[in-house]
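Each of the two complexes below includes chain A, the first together with chain B, the second together with chain C.
Up next, the complex of A and B:
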């Protein structure tokens, strides 16, 4: 039936075009199909990357189109690596990545483990838990900014109710010590469901018969968790950590909306510094070099991590 | 068949013709780019007269202040044709002139007999000239603006508060003449219960993202003796930017922030300031003069309840205020420069400028602001005039953006985050600004 249809189509195809199509090899046809995607990737990913690498060796400034572009060699890279502010931004980023991943993994896995118990109405709770993840970061950022507001925000009132501290003294976004935690709380609230989903997939992939065998061997629940659940879910947990790690390393939207990097530079993560250098100070060459350094750092760390992940999977 | 073909052809021709006519009608429409704020609405209203007079339609592209610089500097840098006319910020003038974004207006002014002597001198230097203090004009002063203060006249005039204040500080509660007095008033009102509500001392600029904290801190620093550079040796900043007087000024700004602002006001600029004043949270409010017409009309805090005062004096009696405002320029990438110049000519007209002021814009034309009726024309008119007489502005160099970012960081780190000392912040600022000028080959 299919052959007959193909023959009919071939017969209906005008002769010159049919001849041309017939002349293309399978490989040629494959290239024909994927070439638009390749061209698109080259145009929007590869070319900008190489262009940024080129710019990183120059003094180019996008707001000075008429200025002569000078080759600076590695001067931009040297300046970045010797810039104390950049290192502070990197430390802030590392602090933010560490705590968000730790909290999201612990809470996400716990939630997944609870949901996996398949208690009554677990589907409803799963949907409810997933809601924050489905919201736009812009909405979440603005929404939490109001919640954190010391005079009218619900968060301050809730903490005040529990602790007895006046709400106007709970200045989550203005206080140097609290501001980093305000972002960590929001990011954890929003992205823990994502970690939970991946962990849930891992828990659901563990065959039931392994637990049945453990039951036969009279292994305790605790023993089953440490010897079966955790090791078998570990590749999934690591995958979630990888995804969240990469995402949070380049985190921008939430920080920008909540604190804008402040107070002072307390929450100025690397991506905020990069944006300021590139689009506010217009140091295009300098910021390109910084972007390349960040890219290499994320790429390098992710590669090391993927190798570790593969080892865990092979065990 | 023939008749239906004819009909189809006729319809098609009519459609083509009508599209062409409509294109001709809109071909000369001008697009004016500016910030989205109250004066922009006044300008829309005013520009209807221009369309009536010339038949040239006006379109407007208004962007909120937080994105204003990003959006339009990107547009200019990419040689975009979106804007035929632009009302650009005063600090852009150096970059816009040197990078060829604006059309130089000298010949046009000569031809149309538009004299810069007819405008308030500070606005000509601030909005039109590059290099500064040279007769090279890139814009027509369009919207005069300056940082000043509003206060709650109704609270200040409460007898019980006046009595308590006099007993505590030994002078009559009223608009402050010095910054020390301003702080005393702010402390007096901080966390006070008025009409059953907790109120606070003052709303000041603390915004980090664009230019807020720089505009606010500079407003104080100038009167404390801060100078950008050695008047005799350009770009020599050591001992001027970080002089003892500057350090004291910055320490004062931090003290004011710490003692007397509403809770959570760590990222406050024009909009947040207006909100704080309108909602009855603060006794005093630092803001650009453009906010005053809106506040004056406000039902809750306007009318008799609001008063205005000029930026107070520093400890040595110096008194300056941060210049705001903008000039209107013709974008050099526009295909409609001739029509855009017509608009500038029309806008420079005395009657148009008088109407501009009456609609809520701030005219910079001497004929308007020096009119004997001007001071009484609005409750804030005299304060505006007095403030415009003492203005100073931030760097307007082509590298103003990195210069501004450096001050934003240094001031916010010290004033809001409390990191380091005022001396550290200003020493760091000298270092950052020196680097910028070295990169530019100016040092």
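Up next, the complex of A and C:
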């Protein structure tokens, strides 16, 4: 035993040569480990971002690379903020974000609350519920076009079966007032499990002794729900809302495949407008300015929201 | 036996459990119907797939899979009769529709692209992520919080906004429509997730292990390699699967930045068309093949899922 300790001490004492081989200091190693990631992000994220900022002040068009680029100052930004179509797109986005978050939070929290009763085989059914959110929104969204087909589609058939409306009248994707809902339904179907999973973690984080104390005080189930369950799960619900809010603000793939922004521009969310301006009209400078505005909006809103979240957490 | 425990939330009563169970099972069953329908449609013939009312019972057929892997041209019955006997099952089904197989479709190359790009970018993201996470976890890095937030904020940008300058940059560098370009881009997007998740996992490994190893004469690098990495394997594996799922499912960048040689499966599958619109059984077949790996991963990951989808914010 003593012998081994001595051996360890001997090994721990570095020889002059070993010290040289060790070479890299902790500080050096830290930078060696971190810098590749930072360099990659600078090259693929930050440099393009600055390029986009530069382009946003010009009239550059990516399909005419040889044309002389003119500096426009803030003209692009002024035009965007005065553009009626952009404001309509922002309203469409807000409508989409609001309803998806509302539905997903209500359904997701209810599901989590029910799963928390821990009925038999709840683990299996929970895993099954989680499946849709892992799949590709584009590939699955594309298939929903088939489910939405007025006559042959399963969705229209099921709705007409329940409601008695002839299936040819259920034009989910081509009816102006139904098209936004067709996207909200798919998004809710896909992402409710996400909110549910986070809410479930929130519910399970509430220590049981609080409920036991409430029982001793004879608080009703209703009272327990409103003054224990909901407030204590609130930071988790807010976190889920944050993640879904950011994701749905940038939503592109599902909308692009389901409606492509149509009919007309009724489902044209901000990302679709951006894609049409940037990759169909090739107004690169103009769309860069719009991209910057969007980024600042997400970033700003997220920051304000995180501050509010931290306040709720501290309470 | 007391009345209070029967009503307690701590131990839900039998009746409330049964009702909760019934609602959850109903929701789960309804929510997987679209997926079951994809699976069923992939085994339908094109006429069966567009029948009204939608067919729940049908004669299964592999025609969708044949159509997924081949391209076909319409021919006169005389020409088809003049051909020799059909050499394969797909040959035979195609001829029944007065068509002949013209060649393989693009599905296999697109699927291979998906594999190369998803696995390549996952490897790079996890490699870089592990190193950075260890750096942030163990060393005092100046401005660490700002750097970590900067890494995360790159994930908040709308993909189309990122795609505009990337499109121009890749055009200049000759990276448009190449697997390398897509791997770089996906690595950059995924590395933020990898750093955040792995930092959480590495934070949980006690520093004492490395310190003991270093007292035993290991260098910091050796201690990292021999004590930290083996303990972080679960975390690294979970992170890798999350990166893989993102890269596998990604559509926006792939649709805008690839068009031919480097196109992945998600932008390709919606373009599978037959005569008169989308060939739904073939689309369903492609979708089924595309979704199976993710289903397997979801089941493998279910314990780590929460952590992955919240960037490590919720650990439990």
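The rule is simple: the second predicted complex is superposed on the first by the 290 of 315 C-alpha atoms of A that agree within 3 Å, B and C clash if a C-alpha of one lies under 4 Å from a C-alpha of the other, contacts with A are read in each partner's own complex, and residues count from 1 in each chain.
Going forward, a residue touches a chain if its C-beta (ideal position, glycine included) is under 8 Å from a C-beta of that chain, and two chains touch if they have at least 3 such contacts.
From a predicted model like this one, the values you see are computed outputs, not experimental measurements.
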With the two structures laid over each other on chain A, which partner does A:302 touch: chain B (first), chain C (second), both, or neither? second
Quick one: is A:174 in contact with chain B, with chain C, with both, or with neither? Answer first, second, both or neither. first
Which partner, chain B or chain C, touches more chain A residues: C
Check whether A:283 is in contact with chain B, with chain C, with both or with neither, and answer first, second, both or neither. first
Chain B versus chain C as contact partner of A:109, first or second or both or neither: neither
Classify the contacts of A:151 with the two partner chains as first (chain B alone), second (chain C alone), both, or neither. both
Quick one: classify A:261 as touching chain B (first), chain C (second), both or neither. first
Examine A:64 and indicate which partner it touches, taking first as chain B and second as chain C; both and neither are also allowed. first
Following superposition on chain A, which residues of chain A contact chain B and also contact chain C? 62, 151, 279
Residues on chain A engaged by chain B in the complex (per definition of touch): 59, 62-66, 85, 149-151, 168-169, 171, 173-174, 176, 259-266, 276, 279-283
Spell out the part of chain B that touches chain A in their complex, as residue ranges. 70, 73-74, 77, 79, 95, 98-100, 198, 208-209, 262-267, 281, 398, 401-402, 405, 409, 412-414, 416-419, 439
What residues on chain C touch chain A, complex-wise? 4, 7-10, 12, 16-18, 20-21, 23-25, 27-28, 31-35, 37-38, 41, 49-54, 128-129, 131-132, 134-136, 138-141, 147, 150-151, 153-154, 156-169, 171, 184-185, 187-188, 191-192, 195, 215-217, 219-221, 245, 248-252, 255-256, 265-267, 269-270, 278, 280, 283-284, 287, 290-291, 294-295, 297-299, 302, 305-306, 309-310, 313-314, 316
Under the definition above, what is the set of chain A residues touching chain C in their complex? 8, 11-12, 14, 18, 21-22, 24, 26-27, 29-34, 36-38, 40-41, 43-45, 47-49, 51-52, 55, 62, 111, 114-115, 117-122, 125-140, 142-147, 151-154, 157, 167, 189, 193-194, 197-198, 201, 204-205, 208, 211-212, 215, 221, 224, 229, 236, 239, 243, 246, 249-250, 252-253, 256-257, 270-271, 274-275, 278-279, 284, 287-288, 291-292, 294-295, 298-299, 302
